[in-house]
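Look for subunit A in each of the two complexes below; its partner is subunit B in the first and subunit C in the second.
The block that comes next holds the complex of A and B.
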């Protein structure tokens, strides 16, 4: 337990210095401002304002960025002398993984808070009450955890620190840009429609949007929960397997 | 702890079908002694260290460290070893002091105890001036020093040093040598790997020479030198015109052609001296009788380099 705390604090003080925590704040703020200022007046989002519409995808994207840095960190822990030395210590092989995941959650909370604060200035409101707000946070964190576990498994597997986050750049862009997070499905070409509608980022952002507004469908919530649970299970078992292989 | 700090029996490791890194390596390192694994790149030194420090599982054979089996009791082994790899294993974003404190806590010390231990080591390793700078700003020598200090945060019973001085300048190398020598008096058993014969000679009580995954020789530095061949006596006249006269006078020592004794480049005559000083005295008496002026007459033993080269196959140059 104390090893877990020590390793997590080590990552925290490291990332305060290499500016990852700063990036955790700046990324959602920058993306929110970028999307809102560039697209706010161009996209017809129906009944709701663009800040209210776009905040969920900004948060989801921040979680994906977090996953990319996790991949780097996992690769570094695997390949660097530091990571090798950890494996010669009398601590469980799972502790470094657990420390990376704990850091991911902390980073996710910070990024979420930064996104919500800046969006609030532009008129975003959580009108669904406390229950919806709690659910909103839980879904964001579950999604963050799931993608971080996936990225961690990838980073632990891949051969070099340089390439692990690059590999995730394209999927991240595709999932965010081709989602209903930025624009409604009708704005996309018809042949892209099904992908845009059903891919996880769209599903999660729509549920988050509903929770912020205070009206969600049981089906929407069920689909989002299913995505999160499935991704957690699949990526989680992969990440654990990678540690055992080490 | 048993008398043998490290014991390997028929240790073998292969990576895939084609390459075998170790092929039946057996050796014992007595407690509180320093043992050097000597060999070229690819000889199997690091593989041996990795198996003993529980990073790799052997394909065959067994090994114990501090009496614990490295496969079945890996947790117990980890609790009593310190490891420094070929590359400094530190968090570059943290300061030297923070690294020491972190590894203290990872080894189970409480925060305050870990801080105090870090202070002690910084003082002992004379790192006060650099302790609060990030490791990324350190020179190679300082990195090494803090890296070894980290391995000593909780005093290990067995310390593995994989090429502790590779890439260091001569002065930093001396510093590391002093550190390792000091450990000998603290009941720490050290297994180090090196490509430098001088280092093995200076630091270790025993040397194991590895070549292509096998032990080709082991013993003390003196043992190894003896194994390679006998000493020889070298005579250098003031004027090289006398070389053949000297060679003629000493020919019966070699039982060979006079010319073969003459080393034109060194302008000297060398004869085997199997009986050491006795031979030397005989050579001296004969030459004295000749009345030739000499600048040097010396008894030479083969250098460790000659020993090493004759024991191992040529290094593979990549």
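The block that comes next holds the complex of A and C.
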């Protein structure tokens, strides 16, 4: 068994115990039901049904939740001295980080599947065909990877285990609730419009929504790709730096 | 004597919480953010559907959220006090055996009022007005104490157990569900009809409706009665467990 597999399995058995994997399933299901049942009749989404409208942001939020628990895990690995012990082993210095990220990918796939299944019950459909569906999944996973790398860097830096996820709670809330993922930009006060329209969560969810419906614009796709690549590059280099320092 | 000892314990907890990032975030920052964000998100829609400003539901909801999540945050620190032996040390001191518990509830009530005052001030700045005059603001910030004491009793009963930390985390996840399904964000009428009774009866909603009544000048007595019943039920169910669990946790360190 390679070091990468061993460390990934270690993370997985840990998260089976602290229920992070269960949380990965329950969070998108709960948020989807919450948004749909509580806000579905309140928010006017035009010609599109609310389940179809809201699923992308539920998936994006599940990825952000994943980032929060990633930060906690990175902090725990460092504070417990586990990271230091791994550095004395004859494995590449990148392997611990790679293992944590591999787990994040697995978690993201599980959360995505849970969200899509529950939304399908309420009438969400992927009508864009296979190409669009593949692109949908790729964008979700790239976004998840980007935010998890950032969270890992933060968690490797911060002083206590619980405080890292608390630090991420509020930005997560702002980005999700003040986005076009839950309500169209017109529902927000006019002065907030530009922020709501152009922040990354809105851009990503709109591209995802377009992919689910089968119509995509080149501009939207380009902007989303640019956000994902930029976040990946910035957070990736940060995470690598922290990993070397840890 | 017991009152003095309870106040002392309450003062200790309040000083601790002021420096605990989790309690500070969950009791104050989180509800304040939620208030502003929900106001921006559903403000227009609620005004269009009900004809009332959404603040009259949102400020009470966020005050209740601050109370419940603050309690959960404080509950997360309880296992650490058990493990460090603090509960045991208090148990062997010549003080009234109930005073750590009553002190804790007193501290919870004080924190709830403090965060309700901050949120109400924020709400007034955003446009909340008291139809019955300013004196209504006093009961307005006191009403959340009811649900806070009820929930705090439940959290203590759960958090002093040996596996307390994980259980409190799960309780927190359960409370997030209540966060969606209450009458503060959206009026009960917009929920699917099969869900409406649950939305109206869940522990947060009566408190929210009582506070809404106090601010808008609507009916107060009936929701207040429901809120009292909820608090009474929670205390009656969980107080014996809390007392027993607290004793067990304290004596576990004596061996």
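Keep this in mind: the second predicted complex is superposed on the first by the 245 of 246 C-alpha atoms of A that agree within 3 Å, B and C clash if a C-alpha of one lies under 4 Å from a C-alpha of the other, contacts with A are read in each partner's own complex, and residues count from 1 in each chain.
The rule is short, and it goes like this: a residue touches a chain if its C-beta (ideal position, glycine included) is under 8 Å from a C-beta of that chain, and two chains touch if they have at least 3 such contacts.
Everything quoted here is computed from the prediction, not taken from an experiment.
Asker: In the superposed arrangement, which partner chain does A:18 touch: subunit B (first), subunit C (second), both, or neither?
Answerer: Once the two structures are laid over each other on A, A:18 reaches both partners.
Asker: A:192 in the overlay: touching subunit B, subunit C, both, or neither? Say first, second, both or neither.
Answerer: Only subunit C; A:192 stays clear of subunit B.
Asker: Please work out whether A:86 is in contact with subunit B alone, subunit C alone, both, or neither, and reply first, second, both or neither.
Answerer: first
Asker: Of the two partner chains, subunit B (first) and subunit C (second), which one does A:43 touch, if any: first, second, both, or neither?
Answerer: The second partner, subunit C, only.
Asker: Does subunit A have more residues touched by subunit B or by subunit C?
Answerer: The partner with more contacted residues on subunit A is C.
Asker: After lining up the shared chain so the two structures overlap, which partner does A:215 touch, if you call subunit B first and subunit C second: first, second, both or neither?
Answerer: The answer is neither, since A:215 touches no partner chain.
Asker: Looking at the overlay, does A:173 come into contact with subunit B only (first), subunit C only (second), both, or neither?
Answerer: second
Asker: Look at A:241 in the shared chain and tell me whether it touches subunit B only, subunit C only, both, or neither; answer first, second, both or neither.
Answerer: neither
Asker: Which subunit A residues are contacted by subunit C in one complex and by subunit B in the other?
Answerer: Correct list for subunit A: 18.
Asker: Report the residues of subunit B in contact with subunit A in the complex, numbered from low to high.
Answerer: So the residues of subunit B in touch with subunit A come to 53-55, 75, 78-79, 81, 83-91, 93-94, 98, 102-103, 105-108, 110, 134, 150.
Asker: For a test of understanding, state which residues of subunit A touch subunit B in their complex under the given definition.
Answerer: 2-3, 6-7, 10, 13-14, 17-18, 80-82, 84-91
Asker: Tell me, which parts of subunit C touch subunit A in their complex?
Answerer: Per the touch definition, subunit C meets subunit A at residues 21-22, 25, 29-30, 33-34, 37-38, 40-46, 49, 76, 166, 169-170, 173, 176-177, 179-181, 185-186, 190-192, 195.
Asker: Spell out the residues on subunit A that touch subunit C in their complex, using ranges where they run on.
Answerer: 18-19, 23, 26, 30, 33-35, 37-39, 41-44, 162-163, 166, 169-170, 173-174, 177-178, 182-183, 187-189, 192
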